[in-house]
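Take a look at the structures below.
Heads up, the next two complexes both have chain A, just with different partners, chain B and then chain C.
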Partner chain A sequence: MQPTWQTPRPALLWMLISVVTALALHAGHLPLWLLGAAALTVLWQIQVYRGAWQHPARFIKVLLTLLCFGGVLSSYGRLLGLEPMVALLVSGFLLKLLEIHHRRDALVLIYLAYFIVIIQCLFEQGIVTGFVVVFGVMIVTAALAGLYQNNQNTQNKQTNRSGKLGTWFRPFRSSAVIIVQSLPLMLVLFIVMPRIGALWAVPKEQGSGVVGVSDSMSPGDFSDLGGSSKVAFRVEFEGDIPAQSTLYWRGLVFSDFNGRRWSQSGSWGYQDGSLLQWYGEKPEPWDRQATRRGDALSYKVTLEATNSPWLFALATPKPTSQDVALTRDFRLFSKRPLSSKTQYRVNSWLDYDLETGGLSSWRRKIELALPEGFNPKTRAIAEQWRQESPDPVALLNRLLKLYNKEFIYTLKPPLLGKHTVDEFLWETKRGFCEFYASSFVFFARAAGIPARVVVGYQGGERHPSEDYLLVHQYDAHAWAEVWLEGRGWIRVDPTAAVAPERIEMSFADLFGENEDFLAESLLSLERYRHINWLNNLRLRLDALDYAWAKWVLGYENVQTDLLTGILGRLDPLRVGLFLLAAGALAMLPVAIMSLLGREKKYRDELDKFFIQFCQRMERAGIARRPGEGPRDFAARIESLRPDLADQVSSLTGLFEQQRYNTAVLNKRDLRLKLRRFRPYLRSKIP
Partner chain B sequence: MLQGLRDQLKELYQRWVNRRLPAASKIRLSNRRLFIFPTRAGFLFGCVLILLWLVATNFENNLVFGATFLLSAMFVVAIFHTFLNLSGLYVEAGRTPPCFCGGEAEFGILLSQKGRRYRDSISLYHRSSEAVVVSLPGTELAEVWLAVPAEKRGWFEPGRVTLETRYPLGLLRAWTYLDLKLCGLVYPRPIDAQGRLSSKAAGQGVDELPGGREDFRGLERYRQGEALGHIAWKHYAREQGLHTKHFSDPVDEEVWLDWDAFPGMDAEARLSRLCGWLLAISSGSALYGLRIPGTEIPPSRGEAHRTNVLRALALFDQAPRPQS
Partner chain C sequence: MSSVKKIADILVERIGAILIGKDQEIRLALACLFARGHLLIEDLPGMGKTTLAQTLAAALGLSYTRIQFTSDLLPADIVGVSVYDRDNGSFEFHPGPVFSQVVLADEINRTTPKTQSALLEAMSEGQVSVEGETRQLPQPFFVIATQNPATQSGTFPLPESQLDRFLMRIKLGYPDPVAERQLLSGDDPRKKLKNLKASINEATLEQIQAKVSGVKAAESLIDYIQRLLQQTRTLPQLDNGISPRGGMALLQCARAWALMDGRQYVIPEDVQACLEPVCGHRLSGAANDQEVISLIQQILNSVDII
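This part shows the complex of A and B:
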């Protein structure tokens, strides 16, 4: 066996720190056993280094590899997908740590560490993550620098400026310097480099820990959202923000009810024409029949990751962004599920008429369908009411009045049994939006009025200084739409009948003092919004977060505008030249720093003095030989040029005395003495 | 024919190198003299960058883009650092103590700088030697000893020496070929001829001959490039630093070192035996002289005399010292 390459100690230290950092970053979504394995491998490597343990034998490594595969498979149930792939990568990374025999093994480990640290951005994209990843890159770079640092020399030499600790810390210092110097160029590249869209489909993160409106609704779903203070999306309006009570952000339309759960009807139940009308495409017939009146309301929505394709907009929208479609039921739909923050632009007309021309029979059937065997009491009463007042508007008003008189809005309603609507309407009478929406639509359908449930968000919080609207998960809402002859689809919010303040005020304003609200997030700043300065802090942080989302995470949306603003016009030549110029500018500080550091002046007067002397002698044709001591040099000069002997011997005498004797003159006296030789040193030797 | 073409190209390259990097005994490394190119590790790093870019593009993730650009920028900054680790460095030939043929000639090379830049991990090597790694941790001067196997008696010019660095990240290699006009004297390979000699040179030494192999004389601090076989590893293991063991041989008496004492041998064989004889005898109290064709050195003793004799042996029938 050839002699094994020994990892330099500082490099090993920083490699271990890199491993720990990479693992810590991913700890949130790695299985527990893998973290345990990580601790074991780190310990093993330390023991190998100390000579206490052996490198694991080949069969153990094979065994460990198989174990990791099996472990990942049993933890995730699959090998494809982002999370299992990262888990596999981390396993390989840990196994590599056990077999560092050459420098190239260490390199592979370090490059893998870069990759794993950076991959963390696929899971989290906050500001903090950004900074943590840069710090992680710094640590990994320290490991890389440690590999190429010469330690032997610094340990032996007494001239070493820093002590033993310095040897350990030096790689990190080099790394920090390099990273800081790289930041300007990184910024330039980030701004200028074009982004081309995805080249092929990739497995995205599976929706763990993502809250949001889901594609079906059953009793109790929304109370989970009520407890979440996470931001759902932010909206920037081109003009003023409209009144709170008009902000109904439509997300999904549910026409299908199975007795417990509302969901979208199969292929959304529509059969006339294309279901999706992409931005830029010719309007479908169903879109041309819709009437939009008045000025459009233009706004830009920045939606957090939801892992679903539903987008939110005010009725009635028209998308003005690529890859966004208008659906047959006038909602917005994204081409890809949103695995990360996404921005899109919309125009909405708040004054509209939809399907005023009448519903076809198959549409009527869908919008009136009720499951057999559920809620018999409600069906009976609805039938009875219809006979009493055949006018649908009067009937619905009667129902809303009932809500208003007898119902209570609460986030902690009693549990419901099989006949959810019956129990809610005639027994418990306590609930929140989805209970009202569900019972209202059921009742309307039972009374022969086409109706459907709409879910999305209602309202939002105005950011006081930044002029945008913040919509939180607790703003999630469900309401109803009913179809009336001659008037088309009309929005009815039964919750408004129970708790009108729920619609007029933002949800948090209403429930802020209530202890049920956000009961689960004690640490959420949202919970303490009645404390003024904390509330300000929260809003500041959110403004920062929004700026981050706009300028960093969604940079491709603003890139074209920004570059056009700077360059006037975008063509490859201009962009290329700009990249070169800005890149050179970014490297300027580095270049200047290096040039300044290159030839610093001597601080030691005596050395300077002796070097001047040598230079003068060189001009006179007597160069000091390498390794020649001052005394030998003086002797050689005296033998070659006896005429210089006096000066040279007194000068050399002074130098030797100051350099090698313990009784050294103080600085001022030395300078005075040296000054006396100056005219001599400057004069020409004949 | 291909071989011929290759030789021709090599020749052309050599001529270009000679013109671009002229010889001098003291050389300041400037951008004229330095080359820089990514290492294999650097190319691998490039692959990592491409991979990251693909991830960023496909996941449409601007943070991964940012990190990819950070690493790319780091590569560019590393070019500066690697280059500046050598740029402005002065390299000059130092002392070269004579050595024996078959051993290693130790060429002293001095690295110096004006200013206090921290220059790290500069390695120097010759095509037939191990690399020596040296740093200037903010100091002005460092001396290294480059040990090159000496295979021929006489003046030994090892030719160009490569000086390179991969500091700080190993992504790039900056290097230059230095012709420092290095030149060292190589004595003949000593061959022990005791058996064929009279009993005059029996070993009852008073004086000692350093550089011998038998009696342990003491430890000295390790100098860069000294033969590894003499390092006191036990001391190193006790973390007392690197030291080398030095030995000496006891010798005595007086004699003529005579060319004719080894009849029927060729010149090199005779010189080797004379050399071995000299080593055996020179540290004693004996007076000794040398008689070889063209040179006769009268008997004497002492360090200077010994050097003279060795020099005469080394330069027998050799061209004069190359111009330096």
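This part shows the complex of A and C:
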């Protein structure tokens, strides 16, 4: 095929820069060979442009297409899913670069580039990503502008004598101007446009590299709790932040133990109504088993992406956000797995009673179940203790005292064999929260006290300047809940018995100086928290990130209140009208600026005066023709209305002298003189 | 500067007595001369082109030669030639007809481009190079070329780049009925020409030429001219707009025009009067001259003075 159309040079440059930008944005999750292919296609396109190489023949293109398909398949093992799809799109995008024969091909490439740049938001939504994506859009727009610049060139050759660098940069300049001009409109759309839920779900890699609380717990399997400095969630309280030792963020409740692993009990066990009670729907029968006393503690949680549906809240919660449910064990549950940062509101009653009315037999069975053939020693000792002191409270206190006396809290416990609880309780006696929670619940169950393991987070870091609580991944914690006759479920934290400072101080304060703590993240700012200014910097950055999450990513949650505040009531007509009005208002400065740019002529007092004079003559039936000079106009008036001659000639004479000759009068005199003419200008011509 | 106005009026009156009914064209020709430009007169044969040129030279008291351009005219026929002098034993330069203050190049488009360009070099440089020697032409040097409309057969139309060397192009056109009757009833104008006395001398002419550049062009007038030029560049009917050189020529002519009107400053009317003669031959792309004239009128009507 013969190329019939030559890409304008600046457009080509910006197209190649767009390709590189789009690729660079996605470099993190594209296979390496695709980046190599990108370099090759860019080189090819440059060589074609220089005339050194040919456009690839048809069979080569077919071959390359097949190769890309094969490459994507072999890299990911499948075609469905977000990442393989993006890789496929990018490879198509690169191949398109090889066959730009017409302007329409270049347009396809540019539109694809827009799409690819924006897709980046599916992977990351941080503040930096936001700005990078806008910058990418700017570059792609520059390519688009460059594509149409050629026409402009032929139109006004004369004005187009800027330097060589200027021609290269002009597309970017116009693109930047376009983006800046559209900023107000973007803002309006952001603020007013109703958020429509996703029309389709994007399948994202499950749990890929996201650390957090997992849906099961097996103490003794891994022996190194290094801790990650990543933020788990941030909480903004309406009132004061409660004491550190009361901040138990419940995430999951494990009632099922198979000897090695704690996990949630199957839903088949429950018999009183639905397991989930969605916000806004009528309470399930089991909700009556919770007694909430006193004032609710209101707060807003901004949870990082976890790819699981568990939400965290203080006991006993009640959700106040859409799509959040209260579960049967009084935790919170999200309708969808959290693939991105999510915000939800909760009311919690710290003073509560749970299931005080007694446990039904099937509930008791679940909370007392122990696997056969595991930890015989513990079971025997528990039985023995129960005989010695039938009071469960005394029994549990005895166990806690044992922990306090003989156990050591460490992040690097020894590995455990088959009977994890036996080995831990009677041999190694070293471990972290999971070990204590697991052994405590096992012991309690063995002594006939219903108990369960709760995992979540404990405590958090108060942001010194912004008023919110920062909970990190290393604040992850496991504790126990036991059920006592007449008192219901009670939280017991066996770790507190071993290392009370773990609960009262934040985890980082406690282990900050420890070599092992955060050993894996040398570059983490968290690691250097004892250096004051670095710590300040870290907290500042976090505040910024939180503000972004709250006001930009989580804007949906604020939007309804904000709009209701302005409009009174939300209905399509009001929102539409408001959108139009606000859009018009936002574009007004842009319009005014461009109008001013055009009208910045010599519309001074003198010109206005002359225009006034012309208008007056027009009313009298003698309109100045466009382009007619004052002298000609005066002569024409004179010939048509000789009676007006004197005034007209003195007026036009003044104008001509003042305008085209050296200004005879200074500004003040001129103003005075013009004022003298004013009554004349206002008077009607007979 | 009423003296310039007086001189101009006298000149127009005297020339007008011979070339009857063409006062406006005479004024333009004078303005062109005062602005140190060369004049192209384009019209059909017998419209008084030669008469105008002769009368101008006579009235201004300048030396005058006429070159009749034909298809076999050679550059040497214009600039001159060195002839071997047997007595002296050396070559002696015989200046051609171009060594004159007013040169009438009659029917310039009848000759070959090679010969045309010999004259055009003289016009732009004010000098000629003959056999490696540069010779200055007398001052003031004023070329009045006449040409038949290019549509006639046997012509070599001047290319745009060479048309640009002429400051103005004017057309004489048929005389109006009154003038024509007067012309028919009177004597042969060429006879009157012999009795015409010079109204000014060289020195006065140079003074006037020097004054032209001193005429004030206010900021808003410059702006007006610029907008006119811009407009010529955006019209879709035209391939090319007016070049910056064309713009400077327009301003210079408007200055001369203002000076002849007795003013020390330019007003839009001066520019409007000069626009068509100065820019008409510089605009190309339109089908014919008539169209160019209507386009220029359109430009004048669409660009306001303020």
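Following the convention adopted for this analysis, the second predicted complex is superposed on the first by the 548 of 686 C-alpha atoms of A that agree within 3 Å, B and C clash if a C-alpha of one lies under 4 Å from a C-alpha of the other, contacts with A are read in each partner's own complex, and residues count from 1 in each chain.
What we mean here is this: contacts are C-beta pairs under 8 Å (C-beta built on N, C-alpha and C of every residue); 3 or more make two chains touch, one makes a residue touch a chain.
The shown structure was predicted, so the numbers you read here are calculated from the model rather than taken from an experiment.
Figure out whether A:Q458 sits in contact with chain B (first) or chain C (second), or with both, or with neither.
neither
Kindly classify A:S438 by the partners it touches after superposition: chain B alone (first), chain C alone (second), both, or neither?
neither
Using the touch definition from the top, say if A:E656 reaches chain B (first), chain C (second), both or neither.
A:E656 sits against chain C, while chain B stays out of touch.
After superposition on the shared chain, which partner residues are touched by A:T129: those of chain B (first), chain C (second), both, or neither?
Only chain B; A:T129 stays clear of chain C.
Mind telling me which of the two, chain B or chain C, contacts the most residues of chain A?
The larger set of chain A residues in touch belongs to B.
After the superposition on A, what does A:N375 contact: first (chain B), second (chain C), both or neither?
A:N375 sits against neither chain B nor chain C.
Give one of first, second, both or neither to describe whether A:M193 is in contact with chain B, with chain C, with both, or with none.
After superposition on chain A, A:M193 lies in contact with chain B alone.
Going by the contact rule set out at the top, does A:S321 touch chain B (first), chain C (second), both, or neither?
Neither partner.
Indicate the residue numbers of chain A shared between its chain B interface and its chain C interface, in ascending order.
156-157, 601-602, 626-627
In the complex, go through chain A and note every residue touching chain C.
155-158, 601-603, 607, 610-611, 625-632, 656, 659-662
Quick one: in the complex, what on chain C touches chain A?
216, 218-221, 223, 233-234, 241, 243-244, 263-269, 272, 300-306
Would you mind writing out the residues of chain A in touch with chain B in their complex?
Going by the criterion above, the answer is residues 104, 107, 111, 114-115, 118-119, 121-122, 125, 129-130, 133-134, 137, 141, 144-145, 147-150, 152-154, 156-157, 159-161, 174, 178-179, 181-186, 189-190, 193, 195-202, 204, 339-340, 552-556, 583, 586-587, 590-591, 594, 597-602, 626-627.
Please name which positions on chain B make contact with chain A in the complex.
Going by the criterion above, the answer is residues 25-26, 41, 44-45, 48, 51-52, 54-55, 57-74, 76-78, 80-81, 84, 87-88, 92-95, 108, 110, 114-117, 120-121, 133-135, 137-139, 142, 166-170, 241-242.
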